[in-house]
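Several structures are given next for inspection.
First subunit A sits with subunit B, and in the next complex the same chain sits with subunit C.
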Partner chain A sequence: MIRDIIVKWAPLLVLVFLVLLFPIFEWLEDFRAGKDHIYLLDSRFFSVRNASRIAVAATPGLMVAIGVTFIIIMGSIDLSMEGSVSISAVIFAFAFLALGGTLLSWAWLAIPAAMLVGAGIGFVNGLVHVVFRIPSFMVSLAMGFVGTGLALVLTGGDRIRIEDEVFRSLLTVRWLNFPIMCYVALLALLVAWFIQSHTTLGRNFYAIGGGEELAQASGLNVARIRVLGFALAGVFFALGALMAVGRIGIAETATGNNFMFISIAAVVVGGTALWGGIGGIPNTLVGILIVYVITNGMVVIGLPSWLQDGVLGVLVITAVVLSTSRKSISFVK
Partner chain B sequence: MYQLKAVDKHFPGVHALQAVDFEVQRGEIVGLVGENGAGKSTLMKVIYGAYQPDGGEIKIDGKRVRFQNPRQAMDHGIGMVFQEQSLIPNLTVMENIFLGFEKQFVTFGVVSWRAMATAARAQLAKVKLDIDPTTITSDLSFAQRQLVELVKVLTLEERIDGDLVILLDEPTSVLAEEEVKLLFQIVRGLTKRASFIFVSHRISEVLELSDRIYIMKDGAVVDVVHSNDADLDDIQHKMVGREINSEYYREHKQQAYNSNDVLVSFDNVGLQGSYRNISFDLHAGEVLCLVGTEGSGREAILRTVFGRDPCNAGRVKIKGEPVTAFSPMAGVRRGIGHVPRERKIEGIVNGMNVYENMTLAQIRKFARLGIMNVPAEKQLANEWIERLGIKTPSVAKDCGGLSGGNQQKVVLAKWRSSGSDILLLDHPTRGLDIGAKEDVYEMIREMSANGVGILLAADTLEEAIGLSHTIIVLKDGEIQKRFEYATGSKPSLYDLVHHMI
Partner chain C sequence: MSFIKRFIEAETASRRNFLLAGAYGITGAAALRMFGPSPIMAMTYDEPTIAWSYRNRTNPYWNEIVSGGEAFVESLGKSKDDLTHLINEGSSEKSLADVKALLAKTDGKLALAIDTNDAPNARPVVEACVEAGAFVSTLWNKTDDLHPWDFGDNYVSHMSWSDEGPAEQTARILLDAMGGKGGVVHLGGIASNNPAIERLNGLKNALKDYPDVELLDAQPADWDTQKANQVMQGFITRYGDEITGVHCANDTIGYGVLEALRAEGMDVPIVTYDGNPQAVDLVAEGKILATVFTNPHWGGGITASLAYHAAVGHFKPSEEPAEHREFYGPTIFITPADAQEFKTNYLDNVPTYDWTDFWGPSNGQIMYK
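Up next is the complex of A and B:
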């Protein structure tokens, strides 16, 4: 019982711990240099400005991580995020420019178009996975490469700039110190949470992850739910792509880079079980914040970037070790 | 030479072995019989080192031993020939024979396949099996594989100086008659070197092969007989033992069923490898029990009704409609509910709470445009919690944390509340304590009074007799006998066992 409670709240505790940890380093530094420094109050890390910086950085990753959360709850895995993000971003950029180049024209259609592309890739992932009975990691990994390749073919390796001010206001306009994209992400987060906890689809994800045999024996159409799950994940990957483009104003083949590790790390560190059935969207929010707090905090206290990747890697393994009840698992392949 | 003294083994809620004394002499063949759940497998696991007993002692030649694992038992000359084929199908015969003991053929990290093949051939000769040791195991027939299993254990002969004890767990279940004869011949020939413990449901075979027979019931050895002065009936009586208590099974609540309302109808149905020529009708309000040993086909029949295992012969009708497409989804839509034996795996979703589990099979009823109506779900769950007396702190409690009896009630509530009128109960009382069992019996009576047709695979024969209107005895996939009766004219346990084995 107690173990369950610890496992449930551990991610949040880790997040709080990290947020309080980095300012200590800053305080130590100033203390050695003989400067006045009140803990937390004079911290550069523990400030609204930095919180906004972390939020902006985390937004695209959060969208992608939400997508993959649904899949991991089902006990499958989707590794197509990098390719999906790249191709959605590139298609969005082309469509946006072709339809007028500003959000106030028909170019807004590029947004649903990008989401449709993401959904399409996810749909194919799910369909191939279910129909040909190929492990989801393999199908999605391969589809991811297809996506990256397509993006490269479309762009020819060029970067496409989106300079429309209305679209860029996602980043440039701030309400209460946070750019609009953070609020859009919050909305998407709420929608995802609603899907998870208030729709049959969300319920079915948990049923499949908790016991696929049983889900089938209860008359659920497991294959259909799986395909829908992958399509849904694809939509969130596309949202991640839109945020990524909104953040830097550029769509290119490399837009999707690094999302695979960051998103899966976030899901796992947040406490969602890799074998399915346990965890959910709130966990993923905590997870992505942990990931970006670490990255950001290490920059603030001046540690080299190569160390950040190492720390994240160790953190992911630790999270899995802590959250796995090894008694119930005899062999892992 | 090999001796168990007052061995005890407990599992949560079950006293699986109760002060069992067991002894094997040098060169002896000892039989071990008992109903399903009598404790045979637990005893065997203690003997070959997979379980450690909680009490009592194990002695070899008067010396006390304790095995932490099967490997240690093997080092003392105790080997197990598994019923479920334990050979790895994608390896060659010789690799399987020497699995885990390849060291003898290795020089500087390189395996000499030639030396292994020669050694394997010598081993295979012991059972007069003339096959190429480099054959891939999956290419062998079942009988050949069974012999290779035996050979694998017989390699102990060279490794161990002392006496050997070899356990044979249902070795004949996949064999044809001549193959059984051959196996028995081989086993008898090997008694010069080894003692055997022979476990089988086929009592006639046990009588034929063994010198002495241990009879187990409810975790205890009830008798030891010499096969010369024992007969089949005698052993069957001892296996079954106690009298039924009609009160316990709520027999007074048994009502006649409606014979005009046929829910499930099987007409000469067959499934290759599982059962054949099965015909029966399940009526509204009827409790129909399928009785038979493990592998008699009753589980497969339940799965066919539910839509899991499509049959490939005969006709299945559910509520008058011929079934053409088999799937659990279609089954649920036709009003069939399934209470599986493996509650943890197929009964409740761990990690989902009480109301989520209850509405899983009727999720659409609680959703509009895909959006769940959680308050309605909770209300339903609360109603059923009250009605069945489910003990849970709240409807939002994770089902994995409930006791077995309460989990089972959740499963039953799930199907009942979704309006299922055909229920398949596969060992619904397995692992439950007595109070919870009585609750389940009470629910079965209530459902059958409400016109639900129940197809039951009971945990014990007493349960089968106590609960059902109709009993069908199955053996090797075929119907042996059908009993129809009302309260007061129930058949005896002996009648059933007689047809089962």
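Up next is the complex of A and C:
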């Protein structure tokens, strides 16, 4: 029982611990240098400005991680995020420029277009996975490569700049110290949470993850839900692409780079179990914050960056070990 | 007893002679080979297959390199599809395996331009080509002990860039713009990459003459825009307004830095490297202070051209001086004053190069430390 409570709250505890840990290093540094430094109050890391920096850095990753959370709850995995993000970003950029190049014209249509592209890739992922009975990791990994390849063909290796001030206000305009993109991400987060806990589709994800045979026997159309799940994930990957373009102002084949490790690490560190049925959107929010607090904090306290990946790796393994009772699993493959 | 003594003396002498003779035999043959032409005469071909082996086209830099290769092939009156692409995706094993497969397919009738992905892979690639009678020119990666002149005609040439000097000069432009005081941060490439190391060294060399400027921090950003954006955010948190200048290892890093500064409403001078078209635009707008153009288009074309012209026998590499076998590529500085002119001359219309002027724009023989 106690173990269950610890497991449930461990990710949040880790996050709080990290947030309190980095200021200690700052305090130590100033203490050694003989400067006045009140713990937390004088911390550069523990400040609203830095919180907004971490939030800005985390928004694209959060969108992608939310997408893959749905899939992991079902007990499948989607590895197409890097390709999906790249192709969605590139198609968004081309459509945006072709339709007028500013959000105040028909170019806004590029946003739903990008989300359709994401949904389309997810739909194909799900369909191939279900119809041909190919493991989801293989299908989605391959689709990811297809996405990256398509993005490369479309751009010819060039980068596309989105200069529109209105679109870029996602980053440049701030409400209460946080750029608009953070509020957009918050809205998407609430929508995702609503889908997870207040719609039949969301509940069915848990049903499949908890026990697929049982769900099938209860009359659920498992195949249909799986396909819908992958399409939904694709929409969130596309949202991640929009955020990534909003943050940098550039769409390119490399836009999707690194999202695979970051998003899956975030989901797992947040406490969502890889075999499904356990965890959810709030866990993913905590997970992505852990990932980006580490990335930011390491630079702030001046640790070499190769340590970041190492620390994240250790955290992922610890999270997986903590989040399950090993005895209840008969096979590990 | 004297006959025993004589016997021993005689034996010792003959053994010494034998050893000496043996030693001469080995070194003498080697010396002959060193000074004379290779005993195996290189065969040339009328219609060799032309191939470029590289990482991939996702990276704008490699995209430029390969477009140069295609421009060269088109200059021969062929279609650009006649250039064979071997894409190693960052794997040295794949790089070598692909070369061997192509050597088998073409029976050695091959003019190969290649970046072998990492330095140790250059030797097996070159040896495979030499053995098959193909002609190979390398770019960027090779170990210091591997030289074209040790392989007769078949290892045609090696081109590389020394980034330390140019990076030092951009650093000086930056440090002058900072008024010779304040704090500078450096965002580097993948930590183990040679250009990343050289570009940071360039900054450090320049800093020796600016005692009032402090190098606040240097972190790798892996040549990646998004990563650079995050690292710069961290720097801003840690150092805030102490940062009065940013030295970036390349243009892609610079884009991420500019956006991080923009999000904070900060205006700090930055310098980059590589001279990508977008960076040149930003230099013209005054957002980047300086970048360095290494003309990858020319580099990609001329590397393929050297291998091709050696393969068809238009020149004999072994008769060329050392500075024509191992040489530095060109570097051009771009500052706001000349960005527009540079753009017109090099980017808006890619110049038509004379692909038989092999060494005109090059930058002298490669020096080893």
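Brief remarks on what is shown
Just so it is clear, the second predicted complex is superposed on the first by the 333 of 333 C-alpha atoms of A that agree within 3 Å, B and C clash if a C-alpha of one lies under 4 Å from a C-alpha of the other, contacts with A are read in each partner's own complex, and residues count from 1 in each chain.
In the analysis below, contacts are C-beta pairs under 8 Å (C-beta built on N, C-alpha and C of every residue); 3 or more make two chains touch, one makes a residue touch a chain.
What you are looking at is a predicted structure, and each value in this text was computed from that prediction instead of being measured.
Applying the stated clash criterion after superposition on subunit A shows that subunit B and subunit C can sit side by side. Of the two partner chains placed around the shared chain by superposition, subunit C is the only one that A:Gly302 touches, whereas subunit B remains out of contact.
Taking subunit B and subunit C in turn and counting the residues of subunit A each one touches, the greater count comes from C. Touch criterion met: A:Gly249 reaches subunit C, while subunit B stays clear of it. After overlaying the two complexes on the shared chain, residue contacts for A:Thr200 are found with subunit B alone; subunit C is out of touch. Of the two partner chains, neither subunit B nor subunit C is touched by A:Ile87.
Of the two partner chains, neither subunit B nor subunit C is touched by A:Leu289.
In the superposition on chain A, A:Gly211 makes contact with subunit B only, not with subunit C. Vertex at the C-alpha centre of subunit A, arms toward the centres of subunit B and subunit C: the angle is 120 degrees, rounded to a multiple of 10. Think of it this way: put the two complexes on top of each other by chain A, and the tightest Cα contact between subunit B and subunit C is 29 Å.
Comparing which residues of subunit A touch subunit B with which touch subunit C, the overlap is empty.
Subunit B meets subunit A in the complex at residues 306, 308, 328-329, 331-333, 338, 340, 345-352, 356, 360-361, 363-364, 367, 370-372, 374, 414. Contacts from subunit A toward subunit B in the complex involve residues 198-201, 203-204, 206-207, 209-211, 213-221, 277-278.
Touching subunit C in their complex are the following residues of subunit A: 44-45, 47, 49-50, 53-54, 56-57, 148, 152, 156-159, 161, 171-172, 179, 244, 247-250, 252-255, 257-258, 295-296, 298-302, 304-306. Those residues of subunit C that touch subunit A in the complex are listed here as 57-60, 62-63, 191, 217, 219-220, 224-227, 229-231, 233-238, 240, 255-256, 259, 262-263, 278.
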